[in-house]
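Listed below are the structures to be examined.
Two complexes follow with chain A in common, the first pairing it with chain B and the second with chain C.
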Partner chain A sequence: MKPRTFTQSMSWLHTWAGLLLGWALYAIFLTGSLAVFDKELGWWMQPEIERPAGDAAAAAAAQRWLQARHADAGSWNIELPGERAPLLGVTAGDPRRDGSTLIDPASGEPLEPRKTVGGNFFFRFHFTLHLPRNLGIWVVGLAGMAMLVALVSGIVIHKKIFKEFFTFRPAKGQRSWLDAHNASGVLLLPFHLMIAYTGLVIFFVIYMPAALDAFYGGDRDALLRDGAPPMQASEPARGPGQSAAPAPLLPLADFVRRGEAHYGPGMLAGLRVNHPGRADARVIVQPRLGSRIELTKGEALVFDGVSGQLLQTPVPTRTSLLSQRVLAGLHFAQFGGYPMRWLYFFCGLGGCAMIASGLVLYTVKLRKQAKAPRRWLELVERLNVASVAGLGLACVALLWANRLLPVELDRRGGWETVAFFGAWLLCFLHAAVRAPMPAWREQLAGAALLCLGLPLLDLATGGALDGQRLGVDLGALAIGLLLGWAAWRIPAAAAQPRPRPRCAGAIP
Partner chain B sequence: MTRLSLPSRPWLEISLRTALAILGGYALTYAFTAALARVLPLPRVDAVIVATLLSFVFYLGFILWSFAGVPLRRLALVIAVATPTLALLGFWPNLLERLG
Partner chain C sequence: MNAAALLLALSLAYAGMLGLCLDMERHWKQLASPRLPPAARRACAPAGVLLLALAGWVAGTLWPPAMAAVAWFGMLSLTGLVLVLLLPYRPRLALLLPLLGTLLAGLGALA
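Moving on, here comes the complex of A and B:
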């Protein structure tokens, strides 16, 4: 880096931070946009399951099932079905350790839908890139910092940020790519800054444990205990023999009604029952995330399971922790219902467009320089094709694998993952052997065909069509048309180097 | 301290600067965050959360500054001086505990 002006330095930084982390960032943005609809995609991926009855009926069915089979268990866990996910899951013990049993809320019989990675695959990929969890979190955190660096340096190098906001010169090669990059970047700048920063805030003490180390010896639980609101109602004192006395549990449907009276209908995530069938039974009613922006994990109403008395209501979080939870909640987008989900989805796709157009812009500029290193240019072009178009194709391929793999296949979820990475790997191989322009066109066309075919696949292999599945099908159709249009617009060959009056940015 | 001569090859200059910005910057941010939590006039749980939330902004600013034309030697000097100073400010009670 030779001594240069401030703007030139920032331009250099923007180019390299954006390029080197751009491929990872694109993958994070695309899967993150899909993860906005993780539950809906999961519903689509288990077509055996139908829209359930209300929560009170579901809780009653769960109680009958648990009472019949696990009357002696120390605790019960019930995941209630919701607007976005139709599953009623029950567990005696710890759902994370023992796995939950799905039951049909209407008949009370166990259900066995196909095993699938579900929409959760996109959610996990979004923050781990399918690497080992801790390594993945750090790589994604690094990409998040690089995004902030690229955004701020991008603002600096835009002298005419307001004017360029209204500028679009289509079908003019490099200028159009620059305009597209600027427009998608500037238009959604608040979203991009917010999503990159709040993404880091979710794992804040993992990424920057300095203050935690200084004050709590690095113990995260100690920090949370210190920040937790004081318990309001103390548990009544009991003698040692008293706690085991058997006593009938009130119907759980009652607690669901009282929980809904507090949180709103359909706003309950689940119930936990400690010591069912005993005098000291406790019913803990957990709300769904999303009644507010704050990420309210762990909040609950606590009832006495025998008398029905309300023992504990959630207390407001202290301001500092509330700030962190609201920032994290802004990233998780569990508030505001479907309009908010669509807003995040489109903003996320706008981020994909910004990153992808930036990656393409780099190659378009480099190609015009007479003494550009050819091999480097070729490598970037090939990586661009496979990581932008190829990843899109792999995501749809996952949905196809979900329906085409035999339902009773052993380790089915693992095979779906294999299909995803297999399809992606094929895209890398394809991009390595084909010239860039045909490779772009063929991979985009492939992804378009898979998207356009998805509704047909759903009709051929799915059960009764409901609103949620129809939404996924129509979304795939729209994206397929968009990808098909993009594939159709790609010229047969790349523009050859020719002299240009000037470039707005700079390539080192 | 011996005089550092500026590397003549550009790739070496860029590698050093990147390493200083990302790794040195992280070390400096780590020390800064602990020191900030120590000086904030808040209960310790609030101080830890506020300082950590601000740490990303500090790190971002430092990385941008590292690439904004500052001479490499001054960049290295700032990290070498500020990191131990801030770390001492942030961790002196821990240090006393360790020693005593």
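Moving on, here comes the complex of A and C:
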């Protein structure tokens, strides 16, 4: 059918932008919602670690460890334990290149928790879909643009946006799916617009490189240098081979106390020490994200490590960069503490519901049309099952693999990833051979069972239960009940005296 | 105390959305007692707006202003969604929920 009116062309656009990128968008939304609790999931995935002591004690333990083993290193990095992830990590050198060592602040001995991809897997999957990084960012960007297109065209084609603001009529087939899609779309519209737009803004340099090319000749580092706050205290210039005289470093616990006096107790992310053990030692105290909406990566207090003098305090970000950082901060949701995280998490799940109901609505509508191409309908139905229910199952399967794989397994994180994609692939195969309705029921039931079993698995294989791990367990339990209810509703609908067309055609 | 204030903010946001909802004839007929005068319906929208503003004020005690604004939008959306889901299945609970929430928040503040 060729669109004739404006509304029809918008409707066409909404359908295809929503359908073709809807599968990717659903994956982005679900893993993004889980990534809200990435540190908590990571904590759950390393049950060997227990909750250590306060920041000052942790810094002292880290200093003892580094002093004993890496006294002559060029720099030290210390990751302080926090409310969300009570880990004490130390590195001599660059933590990204050299990998950090976790140590026990009480005994000062290194910890060797199991290797895991951690909650970070969901975070990375959220913006790369596990594709090569740049390709993934482009695909996700395309999906983000499609989401904006679908949102705006969706507003245009929604005929009764205010009249049906609070309308949901269950058990009425297509009507119900449309109501659910509209309600989750319209009520959460501020969130949807914000999250899609700010998601695109994060990678503005990649998506819109024209200004970067024009002003900096494509040199990204030059742009970042220009945006960075001016250095108030520059390092003393020194030729290669020369180094400052040895001088003892002040206790790092002192710097933690002074940093906490500035940023508040528990608000420090870590310490960096440049040239430890020398007269020109610098101690850089980095705050945790989240005291502001702005994504304050790289902000720090700089102290002289020998005299303890404060050399540099953070300066306010330039307005142009601040706009970008506030928008990015809105997306990252590191501010506002746990209540804000829960709001973002539930809004994200609402987004999943909107996308999933839209995908189902498409098949329900298509099935009613006599001339609909059956093969296409079947393909969409199968893809819907595996990408909606199957992905949920794969996410829980990752947590199961984390506890069931042998602890000493080589390349353990890689095997966890294999388990995730293996489970997802099985869901695609299952959806390909089963009729859609039983496939929905079985995959939802499977995901529900895995979720419901997760607390038991934690009790059987885990370490001490604390707030974080208990939270993951209870969350899994609640989601499991919800998924179980959804699975249970499917046969109930099919057994109604007046079978709906969407069920009649699907059951063999 | 913090949890109580959060619960209060959520209850107020929900009550505000309920007010806007009752302003519509369809939902008024569905939820309100037929003995109530039609004039009562007309008071619902202003009352709803006032309650939403109050929710924003309570959010302002929990977060700095800019964060409170973000949270306010989130609370409106989510409580609205809860209302939409309760309406067809548990209409009575849909009416009582803000009272229960406020009561619980009050108990929490006292405890």
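We adopt the following convention: the second predicted complex is superposed on the first by the 477 of 508 C-alpha atoms of A that agree within 3 Å, B and C clash if a C-alpha of one lies under 4 Å from a C-alpha of the other, contacts with A are read in each partner's own complex, and residues count from 1 in each chain.
By our rule, a residue touches a chain if its C-beta (ideal position, glycine included) is under 8 Å from a C-beta of that chain, and two chains touch if they have at least 3 such contacts.
This structure is a prediction, so every number in the text was calculated from the model and none was measured.
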Touching partner for A:Ala58 - first (chain B), second (chain C), both, neither: neither
Partner, of chain C and chain B, that touches more residues belonging to chain A: B
A:Val201 touches, of chain B and chain C: first, second, both or neither? first
Partner chain(s) touched by A:Asp226 [first = chain B, second = chain C, both, neither]: first
First, second, both or neither for A:Met354, with chain B first and chain C second: neither
Chain B versus chain C as contact partner of A:Ala401, first or second or both or neither: neither
First (chain B), second (chain C), both or neither touched by A:Ala447: neither
Partner chain(s) touched by A:Leu19 [first = chain B, second = chain C, both, neither]: neither
Chain B versus chain C as contact partner of A:Leu393, first or second or both or neither: neither
First (chain B), second (chain C), both or neither touched by A:Ile157: neither
Chain A contact footprint on chain C (complex, rising order): 6, 17, 20-21, 24, 26-27, 62-63, 66-67, 70-71, 73-78, 80-81, 83-85, 87-89
Chain A contact footprint on chain B (complex, rising order): 10, 13-14, 17, 29-34, 36-38, 42, 44-53, 55-56, 59-60, 63-64, 67-69, 90-91, 93-94
Interfacial residue positions of chain A with respect to chain B in the complex: 1-6, 9-10, 12-13, 145, 148-149, 152-153, 197, 200-201, 204-205, 207-208, 210-216, 223, 226-227, 318-321, 323-324, 327
Contact set on chain A toward chain C in their complex: 163, 165-170, 183-184, 187-191, 194, 293, 330, 335-336, 339-340, 343-344, 346-347, 350
